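First up is the structure itself, then whatever we jot down about it.
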Amino acid sequence: MKPELLEHFANGYPKRDYTIEIVNPEFTSVCPITGLPDFGTITIRYEPDKSCIELKSLKYYFLEFRNAGIFYENITNRILDDLVSLLQPRSLSVKTEWKARGGITETVSVSYSAS
Amino acid sequence: MKPELLEHFANGYPKRDYTIEIVNPEFTSVCPITGLPDFGTITIRYEPDKSCIELKSLKYYFLEFRNAGIFYENITNRILDDLVSLLQPRSLSVKTEWKARGGITETVSVSYSAS
Amino acid sequence: MKPELLEHFANGYPKRDYTIEIVNPEFTSVCPITGLPDFGTITIRYEPDKSCIELKSLKYYFLEFRNAGIFYENITNRILDDLVSLLQPRSLSVKTEWKARGGITETVSVSYSAS
Amino acid sequence: MKPELLEHFANGYPKRDYTIEIVNPEFTSVCPITGLPDFGTITIRYEPDKSCIELKSLKYYFLEFRNAGIFYENITNRILDDLVSLLQPRSLSVKTEWKARGGITETVSVSYSAS
Amino acid sequence: MKPELLEHFANGYPKRDYTIEIVNPEFTSVCPITGLPDFGTITIRYEPDKSCIELKSLKYYFLEFRNAGIFYENITNRILDDLVSLLQPRSLSVKTEWKARGGITETVSVSYSAS
Amino acid sequence: MKPELLEHFANGYPKRDYTIEIVNPEFTSVCPITGLPDFGTITIRYEPDKSCIELKSLKYYFLEFRNAGIFYENITNRILDDLVSLLQPRSLSVKTEWKARGGITETVSVSYSAS
Amino acid sequence: MKPELLEHFANGYPKRDYTIEIVNPEFTSVCPITGLPDFGTITIRYEPDKSCIELKSLKYYFLEFRNAGIFYENITNRILDDLVSLLQPRSLSVKTEWKARGGITETVSVSYSAS
Amino acid sequence: MKPELLEHFANGYPKRDYTIEIVNPEFTSVCPITGLPDFGTITIRYEPDKSCIELKSLKYYFLEFRNAGIFYENITNRILDDLVSLLQPRSLSVKTEWKARGGITETVSVSYSAS
Amino acid sequence: MKPELLEHFANGYPKRDYTIEIVNPEFTSVCPITGLPDFGTITIRYEPDKSCIELKSLKYYFLEFRNAGIFYENITNRILDDLVSLLQPRSLSVKTEWKARGGITETVSVSYSAS
Amino acid sequence: MKPELLEHFANGYPKRDYTIEIVNPEFTSVCPITGLPDFGTITIRYEPDKSCIELKSLKYYFLEFRNAGIFYENITNRILDDLVSLLQPRSLSVKTEWKARGGITETVSVSYSAS
């Protein structure tokens, strides 16, 4: 993964609490055990403080997972870590919803709060 | 933007707390970077105090964004500012939900409360 | 409007808190400015005390709005007033959801509580 | 109505709080005024204490309403009374949702809690 | 049932509260009275502590129910017991939603919390 | 069954081919084997010649099936026979769609054409 | 009814076969027997020859039905007659779909072809 | 498989062409390669001649597949063969739609016609 | 409009009949009478001969309509003319579906065939 | 691409015409111009002659497109060519439906018939 790909821009309304939700239904990575691709939807929801995530850089950051072998739980927590580290937001959550494998689906949800 | 286009009328039930929700699924503006159009749904929800927004004037106010280059976050906050300034409501929120670009969608939500 | 059309019957379970929800998706009135018809869905939700609303009389009460020129906000508040006055309920709310005009929809919600 | 048709079996996990929800979308009774049939969906939700309702007996209990003339509000409250009397549950609620008559639908909800 | 089939792996983020939801819409067992098959959807939701459930082993654990005669309520509580015993999670819930029998559906929900 | 309940009125446009479709999603009868109720949706589609079916009489005709024990196939064919006999239409079809029993649904379709 | 309200404009592409479909989901008239309102969706589909229907005039034409007592079949055929008479189209069909009364819905469809 | 479980009854309307469609969304068998269960929906559609299939016997016939290892294509063709042999229908088709495996779904359709 | 913005590329499979469908749900133009924006979905379906339309150039071609005042029927026919002229396809159709104005929606469909 | 990955097995019912439809909603490749990923759903429908496609080998064949830069039209035609070459089917069609890029979606459909 390359968190250095992520870019941010200055929040134009830093005195106000508000929420930004970003949904990427076209996420794909690789199962580290079988080597077969996984497909999922990533939802990021955060309250910006001084910085907002730049969408295009987020897209390129997501692309680095395309051929990486990594577990659902680790993807979810790592995206949270990278974004919190970059944005220092008031709060931030990541939810990853995965297409069925063997008839079974999994969703992983993790939240961060500055307070 | 032209907030001076917005008109209001006297709330006929100022002693009562109630809620008005307005949804415009036909909002469009222009991306300030690419110059390409953005399409979104604007949802406004407020508790009126002395004034209610006049719907037709709101429509003409929205039309001024049609050829303006402006970011999602700024549109959302600016609509909130203009409506709060005009209506002095008990509370007011604005949510903007944008169609996918590069497979990714964004939603911005901001709230104001007089108390 | 003719609130005198409304009839009620004795609540058979006055010692118990319970809720009745009534939905009329076939409501129509007239815009007082353009003279054109408006179409909406009316949802009434209440906790009865001693009385329940008689559904057929409610239907005839709604019919009186068919050719009346009256604003969304006033319809919503007036229905609340007429029903609270008749039923003296523990609580009652009215929600009116209107079909799009000029691409924009509006919903008005108002609540009453005896306590 | 014949509450004596209802049967119960011993709750195998009486020390644990858990919830059972039963939905019957094929309920029918008769309007006591017009004699015409009513159709509805009955939802029962309860936390068992010592007893659970036996589903087949519940089905035969519901069948007794098929040709009975009885109001929506009374059906809802009577099912609650019969089930609470039988099961002595920690909590129990009944919701009845009725198909439209004259374009208007009604839903009745009632709850019981032992505490 | 064979809880010994269940396997777990070490939670990579044990200091963080997060949630994992697993849905299996292809569960089947047998009614102990009629001998006919039941079909349901199993939803498991938990906050891991030191261990996470291994999905493939969960699948084989579920397969053991395929020809077992067991009631809805018992299946739900037994899955909860087996998973809590294995994972020692911060919290865990099991919901089982069953296809209609005689026109009636049932859902059973049970929760565990370590605190 | 009582086909004598059915009434008709003169087709006002007998020189024109046109189609009338009637859907009753609230049909119920009784299984002649188990004595348990069946629930279905009846769709009638016809091209009138000299007569049209009167809707209210059709409703009372349907009500006669409520407590009658009769198979799906026979209901469908009998409704076709009764309506063809009454209306002498240019064409007429009856489709009956039944709610699941034992997890299995059945639909029966039959058509008549005068030519 | 006032067919004289209908206006048309010259088809800009008279040498080409093409199709125009117009849907009005907000049609309302009055049942000539009960005096109660009916609600329906009107779909008009035609291949223009020399003339196209002007939409605003069609809207005012529909409004004349608002307080008129007229049967479903007659509304459908009359709209066809009025539009064919005005537009002299290559083909034209009218479909009217009515909201349920007594649990039963009706749809009426009629077609005209110049050839 | 046990086609001898299938029963039929005499068609009450043998002189008329009509259609019976039966849908079983709760079919399950076993993959002959992996030994893992498959889940599918079976749709049978036929025009009866002298015989109709008895639904309960069809259900028990389907149950025999529950623990049988058999390919999608063979299941579909075998059900067709067994039903055609039993019913000698004017026409009969079988469609089997299978839940995703490895993200991929399959549907198999086969038809028989006596003429 | 600027058909000169449209670009094409050589069909790689000119000996084979196949179909390409392109849907743009984010089309907007201006009503030439009111000056207010219209919103629609454009569907283009064609069988290529020697050339295929380049998607990005089509997008810029559509953008030219953004501030143009032009009727639904004319937009539809003009897009057909411009694309047929450019691509010389075996067949091509254009369908435009417009959001409701005054509660009424319109769809225009036109087809071209080389044979 | 590696058509040599594709495997087939003998059709067990070669004398009968029947249809197999395979849907893969998790297909991904790379745009040869931008290098960004494309996501699509592939639908294959064929009438087997002597051979049927082995599903697991098809999955590995699809995986070879994951990091290949190739246009929509070429993917669709190449899959058709590879499958026709392998299976020599009575007929075969391929449809590829692509997620929106710049708000615009594309679907490509191609068919082969042996006769």
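In order of appearance the chains are A, B, C, D, E, F, G, H, I and J, and numbering begins at 1 in each one.
Just so we're on the same page, a residue touches a chain if its C-beta (ideal position, glycine included) is under 8 Å from a C-beta of that chain, and two chains touch if they have at least 3 such contacts.
Quick caveat: nothing in here was measured; it's all calculated off a predicted structure.
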item: For subunit E and subunit I, chains touching each; value: none
item: Chain separated most widely from subunit I, comparing mean CA positions; value: D
item: Reference interface F-H: repeating pair among E-H, B-I or I-J with over half of contacts shared; value: I-J
item: Inter-centroid spacing, subunit C versus subunit A (mean Cα positions, whole Å); value: 45
item: Whole-Å gap between the CA centroids of subunit D and subunit F; value: 32
item: Distance from subunit G to subunit A - Cα centre to Cα centre, in angstrom; value: 52
item: Multi-chain contact residues (two or more partners), subunit E; value: 26, 36, 39, 99, 101-103
item: Pairwise chain contacts, counting only pairs that touch as defined; value: A-B, A-E, A-H, A-J, B-C, B-I, B-J, C-D, C-G, C-I, D-E, D-F, D-G, E-F, E-H, F-G, F-H, G-I, H-J, I-J
item: Partner subunit F, residues of subunit H touching it in the complex; value: 11-13, 16-26, 52, 55-56, 58-59
item: Subunit D contact footprint on subunit E (complex, rising order); value: 71, 73-74, 76-77, 101-111
item: Subunit J partner contacts - residues on subunit B that touch it in the complex; value: 36, 39, 99-103
item: Subunit C - residues contacting subunit G, complex; value: 26, 28, 36-37, 39, 63, 66-67, 99
